[in-house]
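Chain lettering (A, B and C) follows the sequence in which the chains are written, and residue indices restart at 1 in each chain.
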């Protein structure tokens, strides 16, 4: 009895796996289909390069693309060194109890909801930025990047420490036996061996920063102009989707959010492929 | 035998499924009450929300079988959603255009009159503006408060999202359809505009007169202060009606709710929340 | 020169550790200071007697109860929807699929996991509009749509954790039952799943945490500012993360803002508890599964 049962169960499992795969494609398909009218009218280029001014008939998402890039890049610049430093602390400087304890704190940080970080950002960081830099209202790229850096740091820390710890112990002992100091061990043994993990961590951190909606929505001001400095207000692709979804379903405005969706999806795809490529490189390739 | 090993896991799983199915079952038994004593979905203008909330609270307290859900989103959203039958009542802070009325077959009900006032931070010394100045500020021509006699600081413009009826009215009557700079910070509701200005010493924005309280300071426009009395008397020009729109003629629960808004009790809520009653 | 480098690296590491701790500490302390005072029955039930609120006899206004109830229902439904599919797919990937299929499936899983949550929300929203137009006029963005969208969001987590948990079983244990004559399915049900239960359950709990905290998805698929406790699957509902977002921009007085802080604390506590539960269960369950008969 169970043999036949087994056959159907296997088919059931397969169906589940296929459904998940199908879902991933379906999401992209929906974006494409709903955004299709935009492409058909040949507006693609203008969409990607013109500003957003619906009152004047301009539905370009160029400012949003710039803002997303700027915010992701800046938060990575802030978060990556932080993550790197903490990983070095956990793995090298204080690998004993302090390091383990800090690691537990980092793991717990990943459990804190994004909206809570953004909420604290609104009431604590925004007035702070406003008074310290006295340029504008405090709701700008800089504030958003501070909070985003804090958000993506834990994930990167965990990935970095994992890569550091995955360097074969024999290598590490060899360095110790030769009398290397911690810094020397770090730069000459650990980093070259774990560069793949580090790059993967950076890519995933960037992906997370790029895909985050709430921090940018609540902290970056959502202005539609291309930001000129980090003290300017900006609107990311994700915040744009959140702001415009509410409106008219048939209008061109609405369809542009599917263009944003397609862009974001493609960026995600790129990111995933990049990480896969990295891990497929033969283990022997050191720097 | 297989069950013994899984005892623990199966129990938890059963408990979880029980919870899911009970809530579904709960839904079934309450579905019987749908129709008359059912759900009322409201969305649209954010200026209306305090009145909606108060009315809903009173109705639901008296008749617990009715469930009213209220969402914001702005006037544009209200019209679209009621037109697509996603909600029963779509609130707007501006008169629906003829296009919208004919496209969706809307029936409009104006139950309050409100205004749109210009607000600044309490510490801002600039309290009077000429309309021409306002237009220049919002178009980005004037960029520093000192040009208006204030401190030497850049002017931070705040505006509403494009679905907003408040924005539409302000743009039409306050700015004479002038441009709004792309650098303006976008907020999504009247409440958000208020808290944005309340925390930005160099900000300027606009919001529903009924919403204005002592967390922000108002700016007189061509000498007229945006108070509800001035809106009523007509001396403050930027005024608008608060509408609830339905697709076709309202029936059942929707009709009861709208009638309630026009009742003496409903109109009292309107006045209490800072707007002008129509009756 | 080496000495300098040594000190610099150590200093940098200590500095980073300190900055991180200071940042997290500030977040928590700030929340507690501002919202600690508001953590009371009044904030949650807003004047309605507790027992009547919980049994849904009376509606709660000005309280967090509807949002908490909404979040709980949402989470239970979303995980309930994702669970069978996730575990089944994970089993398939770990046990049945060939190497090629596995790598293709896992690519799709990674993509789904990496897709920004707002896109999943957008998908759910478009789906509901689509269904509304072509299937039934009664379908709006609602609890069901939100739960379905959230289930799409956590599906990759469940699949991955199940797959990894199954694959981490040492080969000797994986083959023992087969050597004794059991077929693949019996092996899975009687040996492999119990053995990897801890990993699977911790994956489930992490998914629960993910559903509880997500805001972007629910924002587009049915959460509203005021709706009371949802009475049916097709109803609108409130949720804690959305309340926090909404209040941050639109609080009308200090009372409401304090409620926002309290809501933030409650949400953090819920997520932290779930997280710790995942850890605890992971450890405890391994023993039980191994040594109970």
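Methods note: contacts are C-beta pairs under 8 Å (C-beta built on N, C-alpha and C of every residue); 3 or more make two chains touch, one makes a residue touch a chain.
Because the structure is predicted, anything quoted here is derived from the model rather than measured.
Minimum number of contact steps separating chain A from chain C: 1. By number of C-beta pairs in contact, B-C leads when B-C and A-B are compared. The chain with its Cα centre farthest from the Cα centre of chain C is B.
Here the CA centre of chain A is 18 Å from the CA centre of chain C. Centroids of chain A and chain B (each the mean of its C-alpha atoms) stand 33 Å apart.
Across the assembly, chain C contributes residues 129, 249 that each touch 2 or more other chains. Shared interface positions of chain B, i.e. residues touching 2 or more other chains, are given as 84, 187-188, 196.
Shown for chain A are the residues that touch two or more other chains, namely 249. Those residues of chain A lying in contact with chain B across their complex are 51-55, 63, 126-127, 130, 135-139, 221-225, 232-233, 235, 243-244, 246-249, 253.
Of all residues in chain C, only 57-59, 61, 73, 76-77, 79-80, 129, 132, 137, 140-141, 189-190, 194, 197, 201, 224-228, 231-236, 249-252, 285, 288-289, 292-293 touch chain B in the complex they form. Those residues of chain C whose C-beta lies close enough to touch chain A in the complex are 2, 5-6, 8-10, 12-17, 19-21, 23-24, 26-27, 30-31, 34, 84-86, 88-89, 91-93, 95-97, 104-105, 107-112, 114-120, 122-123, 125-127, 129, 152, 155-156, 159, 183-186, 209, 212-213, 215-216, 219-220, 241, 244-245, 248-249, 260, 264, 267-268, 271-272, 274-275. Those residues of chain B lying in contact with chain A across their complex are 73-74, 76-77, 80, 84, 154, 156, 161-163, 180-188, 196, 199-200, 202-203. Residue ranges on chain B touching chain C, taken from their complex, read 2, 4-6, 8-9, 16-17, 19-20, 23-24, 26-27, 30-31, 39, 41, 43, 46, 49-50, 53, 56-57, 60-61, 64, 67-72, 84-87, 187-189, 191-192, 195-196, 213.
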